[in-house]
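This report concerns only the one structure given below.
Note that the chains are named A, B, C, D and E in the order they appear, and that numbering of residues resets to 1 at the start of each chain.
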C-alpha cells in the first residue's frame, strides 16, 4: 500500500470537517475522490499532507506513520500535493517556480527535473522566463503539476486540477496524468468534480459526502456511479 | 409599472484588450425566474457585476425599475431592491446567523427601523430557508451548503425586487440541489421576487426551475428561450457542452 | 409597524441600547459611589476614568471596524487645544468658556476626522495605521515649527481659568468639576456606544469589520459608516482631551498631547479588556491603572524596604503580562470570558 | 479533541475557577486600592514614633519623582540629593517646632515621567500619606500638572526642577521655586562676557525645540539685546534630530563670535560634537545643561575643553558660611557635607554607588532645606503659615542664595554660576566671589585639527 | 543668497544620513515583507545595537566596524528566539495583536536595558579624521558608517535575490501554502526572516552609533521608529533596495526642505522654525505617498 488513511478526523478551529475517513491508495494506482462542494475533499488532502493538522486517526505512507509530520518532511519522503487553486508564486518566473519544486531535495537534480517537465509540458519551456501570474489558466495548471513533479514524488495528490479549465483542457490534463502514472510509475490520488473525465481513467473511486466516504470501489463495480454522474450534472 | 424590471441594453465591457461582454442585451420581468448559463469565462460574472454596479460598462446602459442605474453605486441599487449572493459564500464569520441576516434587513429595500424589527425579519426569513435551527450559531461554523442558504436568507431579508444568484447550487449534493431549488421557487412564488441565477454546470437545476434560459458564450448571448428548447439547440450543445459529450 | 408611527422602533432601539449599556453603566455608578466614599482616591479614580474613556472612545472606531488609528491621540489634542484656546483668548466669557472650549475642540476634531477619514480610510491595515501616525506627527511639528498657538511651549492657562472663573471656580473646575464631567463623558460614551450597537450603524460596522468587501458588495455604504464611527470616536476623544488635559491639567504642550504613547495605552486598555465590547475598556482601564498604581505605590516601596532597588521593575513585568495576554487571549479578557461562557444572560452582560 | 461533553464540563470548571479568582483579585485590589489611609489624614499633629527617642515625631515631605522614563537620570539624582539633606537635617537635630524636635521623612513614588501618573500620586501623598509639604516633580511639564492638585488641596509645593517661568504666572498660591527660572539662565554668562570682552558683538543662539530651551533662548535674546549684542542667528532644532550638520553649516555662515544654546543632555552633546565636525570656531561657546553632566567630558574628550555652561550649582562652587552676603543667613550643610551625604545615600539607600553628582541633586536638597527652614520659621505645619514664612526667608546655603518673590513664588535670590571645562575639569569661573579660576577667554583656538 | 558650502554640505549629509536611514528601514521592512508584522518595538533593537558598539569599543577597544557583525549575530539570535517564543503564534493574526506584541517586546527590552545599564546617556568618540572638501568637512567615521550601511543592504539584497534561500523566502511571501506543498519549511523561513530582520535592525543600531557616537540611552530608538515607518512606506513596505533608495531620498528631502524653509523664514521674516517644519513636511509627504502611490515609490 502506498498510502493508508485510517479514521481521519480534521477541521478548522472548532468546526469539524472530516468525520473519520478511511482510504487506501495502492501503489501505482489512479485513485479518485468525488463529492460535492463542502464534502471535505480538499480538507482530506490537506490533512493527509499535513497542511492542516489531523485531529485524530492515522496517515500511513509506505508503512511509516506520518500523521503528525509537517508538510516539508512529507515532501522529502516523496508525497506531493498540487493544491486547490494551484498556489503558484505569481511574481516568480515559470522556471523559478519549477526550481522551487526541487527545494525539498536540496535542489538536487534540478536539471533532469526541468528536462522531464519541459518534455511533458513543452508550453512551459516556451514560457520559462515569464512570470507565473501572467500564464493562462491551463498553463498555470501545467506549471502546478510540473512544480510538483520537480520534487520527484512517488505519490502525487491533486486537488481539482480541472477547476476553471475548459472541459477539453481538463480532459487533456487528466489524460496526461494517466500517462505520467504509466511512464513514471507515479501513484495518483485526485480529488475531482469533473466526473466524466476522471472516471474514465480511475482505478479506484471514493465518493465523499459531509466528511465521510459514502461509496467506494472500482469505477465499473460501483453500481451507482452513473447515477452519481447524472445526479451531479444532470447529463 | 410599465416595461421590464431589469433591462440591460447593448452593454460592452472590456478588460485591457479582452472583451468580456460584447453588446449584451437582456431583460427580466417582475417575478420571472431566469437562468443565465455558459461555460467558465463566458462573461456571466462580469454581466452580474455590471448589473449590480461593481463594474461600470464601457458602453450601453442598465435600467432597473425603469430608472437608468448605470452610474449608481452598488448600495444605491441595493436600496432600490437589488440583492445578490456570492459564488463562494461570504457571510460575516464572527456574527451569528441571525445577526448576519439582520444586517440584510437593515439595508436594501427593507430598511428595518430598529434592531428588534431587523431580528424579527431575520427570524422569518430564516424560517423560509430552513435555517431557524442554526440562528444562534456563529456563521463561521456553518457547512458550505448552510452558508449558501444563509446568503440567500441575507439577500431575502433585504426584500429585493430582483435577486441575483451566483452559482448557488454549484457543487451541491443532489438532495441539497433539490432543496435549494425548491426554496428559490417558493420564495419567488410567495414574495414575487424576480430571480436571475447564474449556472455553470448544474443543468438539472435549470431544467427544474427556470422559465427562461439565456446562454452566454464569449461575451455574447447566443441563445435564449425556454429551457428544453435552448438546451437542445445544437449550437448550445456544441459550444457549451463541448467535447464532454 | 401597523401604525406606521416612528415611535415604536425608537422605543425598541432605546430599550435594546439600555440593555446593552446596563452593565457598563452599573460599573461606572459603582465608581462614582467610590469617588464620593473614598476622597483620597479621587485622582486614581479620575485617572482610571481617563483610561476607560481613552479606550472607550477608541473602541468605537477600532473595536467596531477593526481599523487601528495610531494617530488617535491627535483628537484628544484637538479637544485640549480647543479648551485652551477658549480660556487663553476668551477668558472674559467666564463659565461660558467651558462649553465654547468643548465646542471648538469638537469642531476641530470633526474637521480633522473628516480630512483624515477622507484620505486615510481608503487604506487598510498597516498602511492606515502608519498614515494616521503621519497625520499626528505632521500636525504636531506644524504647530511647533510654525510657532502656532504657543508653538512648542504650548499653552499654560491656569491663570486664565482663574481670571475667568475666580479662585473658587478654578479650584472647583480643576478638581471635582472636571472629575464629574469625566463621569458625564463616561455615561455619554457608554450611551453612544450602546446606541450605535443597537442600530443599523452598529450592524453595518460589524459587517465591515468581519468582511469589508462583502459588506460593500451587499450594498452597505461602507465609507459612510466608517466615517460615522471615526467621527464619533474623534469627537468623544476631543471632549476627553478638553476635560482631562485642559480643564484638569490646564496645560497643553504639543510634545505631550500628540504623544503616540497615549494611543498605545488606548490600545492596551482595549485589548486587555476586549475589543468591541462595552465593558472591555473599563475592565482594561481598571486593570491597567490599578495594577500600575498598586505596583508603584505599594509593591515598589515594599521591595525597597527589603533592600531591592529595581526601580520601575513593574514595566518589564507589565510588558511580559501584555505579551502573554496577546498570545493567549487575543480577544481580551472580556472577549475571552464571553466566548467561553455558555449562559446567555452572562454573555449579554459581557457584550 | 476531547469529547464535547467532557470539554463542556472542563470548560465550566475553568470558568467557575476563573470567576472565583477574578472576584477574589478584584475584591483584594479594590480593598487595597480604595481603602487608603483615611484615618491618617485626620491626625493633624505630627505622628509620634516611640522608636526614635530623640524626636517628638515625624514630618512627612512628599514627592512624585521620575525614577523611570525619560527624566529618570535627573529624577534619580534629585531623589538622592533630597534624601541627603533629609538625613543631614535629621543627624543635626531635625526640625524644631515649639521647642520639640521632629524628624523629616521623605515619601516618594515613581511617576514614570508620565504626567497622568503625577496627578494620582500627588493626591495619594496628600490625602493618604498625609504629607504636609511637597517637592514638585522634575521638569516644568510635570510640575505644571502637579500644581493644580497641590493648589486645590492647599499644600505647599516647592519646585526644584521646573525652571519654567510660566507656572509662576498662573497665580498659584502654594507653588514656589528654588532654582533660577529659565529666562535668566544665560544672564550671568552674558554679564561675564560683557565684562571680559566689551567689543564682542555677534551672538548666535541655537536651541532645542522645547518649552525650557525656548524660554531660555528668548530670555537670552532679550537680555543680550539689552547688553548691546547683535543676534546673528536664532534657530532651533527638534529634540530627536539625527544630524545637525545642515543647521550648523548655516550657523557657521553667520560668523558668530559667541554661541549660546543647547537644550538637554543628549542633544547638547551632539551639538558640541557636530560643531567641531563642521569646524565652527568662536570666542566662546556656552551650552545648556549638558556640560554640567560629568559624562559630558567622558564622551567628548578634548572637544569639551573650554565649553562654558550656566549652572544652577556646581560641586566646586565656593558657597560657604564665610562668604555669606549681607542680609542672608547661612543655613544647612556645607558643600563638603552635602557631597558626603549624597554619596552615602546613593550607595546605601539607593544602591547606586556610582551615581554622579549633578546640580539636580543640589536642587532637590535645596528644596528640602527651604521647606525645613520655612517650617521652623512658621513654627507650624499649617500650609498657609508655611507659605507666609517662605516669603520672608533669605537664606544662603550650599546651593547659594534662596529668596522668592512673595507675589508669584518665583525664585529671585538664586543666581546661576558660570562654569567651564578646563583641562578635563569643571571649573567655576563666575561670579568672581565664588569662582575657582578665571575663565579662559577667548577660547584659545578652540579646535585644532 | 544661498551659500554654496551650505548646499554642498546639505547634499553630503543627505547622502550619508540617507544610507543610515536606509539600513534602519531595511530591518523593519524585512520583518514586514515576510511576516507581515509591523515591528513597533523597532527602536529597542536599534538601541541594543548602539549599546553593543558602545560597550565593545569603550570597554574592550574593539574597532566599531567589527561590532556590526557582532550586533547582527546577537540580533539574529534574539529574533530567532523571539519567533519561537511568541511570534510564531501571531503569524497571520490581526494587525492589532502583532502591533501590540512588538510594542510589548520593545518595552521589555528598553526597560531591561534601563535597569541593566541605567538611564544615563552615553557616548564615545571614535575619531578617524576629517576630509576637507571645498570648504565642507566630512567626517570619516560617518563615511565608514554609510559604507557599512550600503554593505549590509547589498548583502541582504544578494541573499534575497541571488540565493536559493532568497527564492524560498520570496515563495513563502507570495504563497505560504504553495511553499508548504513544495516542501519548504515555512515556519523555519519565518523564523530565519524574523532573525534576519532583527539582526539587520540591531546591526543598523551599531551603524547609527558609529555615525552619531552620541546619545546612547535606553529610549534612543523611539524617534527612529517613526522615521523608519515613514521611509518604509515611501520605499514600499517590504521592499529591500527601495529601503535604501527611500532612505537617501528622505535624506535629500530633509535637506531640501530645510533649505527651503530657511529661505522662506529669512525672506519673509516669519517666526518659524525651519528644522522642525522639515519634520512636519516629511509626514505630509508620507500622506501624499500613501494617497498617490500606496505601494511605495520604489516598488517594481
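As a working rule, a contact is a pair of C-beta atoms (placed from the backbone, for glycine too) under 8 Å apart; a residue touches a chain by one contact, two chains touch by 3 or more.
From a predicted model like this one, the values you see are computed outputs, not experimental measurements.
Peer 1: Work out which chains are contact partners of both chain B and chain E.
Peer 2: Touching chain B as well as chain E, we find A, C.
Peer 1: Return the chain pair with more inter-chain C-beta contacts, choosing between A-E and D-E.
Peer 2: D-E
Peer 1: Please name the chain that ends up farthest from chain B once chain centres are defined by their CA atoms averaged.
Peer 2: D
Peer 1: Relative to chain C, which chain has the most distant C-alpha mean position?
Peer 2: Of all chains, A has its centre farthest from that of chain C.
Peer 1: Measuring centre to centre with CA averages, how many angstrom lie between chain C and chain E?
Peer 2: Result: the chain centres lie 32 Å from each other.
Peer 1: Averaging over Cα atoms per chain, report the distance between chain B and chain C in Å.
Peer 2: Comparing mean C-alpha positions, chain C is 43 Å from chain B.
Peer 1: Just the number, please: Cα centre separation of chain B and chain D in whole Å.
Peer 2: 73
Peer 1: Averaged over CA atoms, how far is the centre of chain A from the centre of chain C? Could you give it in whole Å?
Peer 2: 52
Peer 1: Mind pulling the chain C residues that touch 2 or more other chains?
Peer 2: 141, 144-145, 151-152, 311-312, 315
Peer 1: Do you know which chain E residues sit against two or more other chains?
Peer 2: Expected reply: 111, 114, 273-276, 279.
Peer 1: Across the complex, what residues on chain E touch chain A?
Peer 2: 164, 167-168, 170-171, 174-175, 177-187
Peer 1: Residues of chain B touching chain A in their complex?
Peer 2: Interface residues on chain B, with respect to chain A: 39-41, 140-141, 143-145, 170-174, 176, 201-205, 207, 241-245.
Peer 1: So in the complex, the part of chain D that touches chain C is made up of which residues?
Peer 2: By the definition above, chain D touches chain C via 8, 11-12, 14-15, 18, 29, 32-38, 41, 67-69, 72, 76, 109-110, 112, 115-117, 119-124, 127-128, 141, 144-145, 147-149, 151-152, 164, 166-167, 169-172, 209-211, 214-215, 236, 238-239, 350-352.
Peer 1: Which stretch or stretches of chain E touch chain D in the complex?
Peer 2: It is residues 3, 5-6, 9-10, 13, 16-17, 20, 111, 114, 118-125, 130, 136-137, 139, 211-215, 217, 219-220, 222-224, 227, 255, 258-259, 262, 273-276, 279 of chain E that touch chain D.
Peer 1: State the interface residues of chain C toward chain E in the complex, per the touch definition above.
Peer 2: Those residues of chain C that touch chain E are 62, 66, 68, 119-120, 123, 125-127, 129-131, 133-135, 137-142, 144-147, 151-152, 260, 264, 267-268, 271, 275, 310-313, 315-316, 318-320, 322-323, 326-327, 330.
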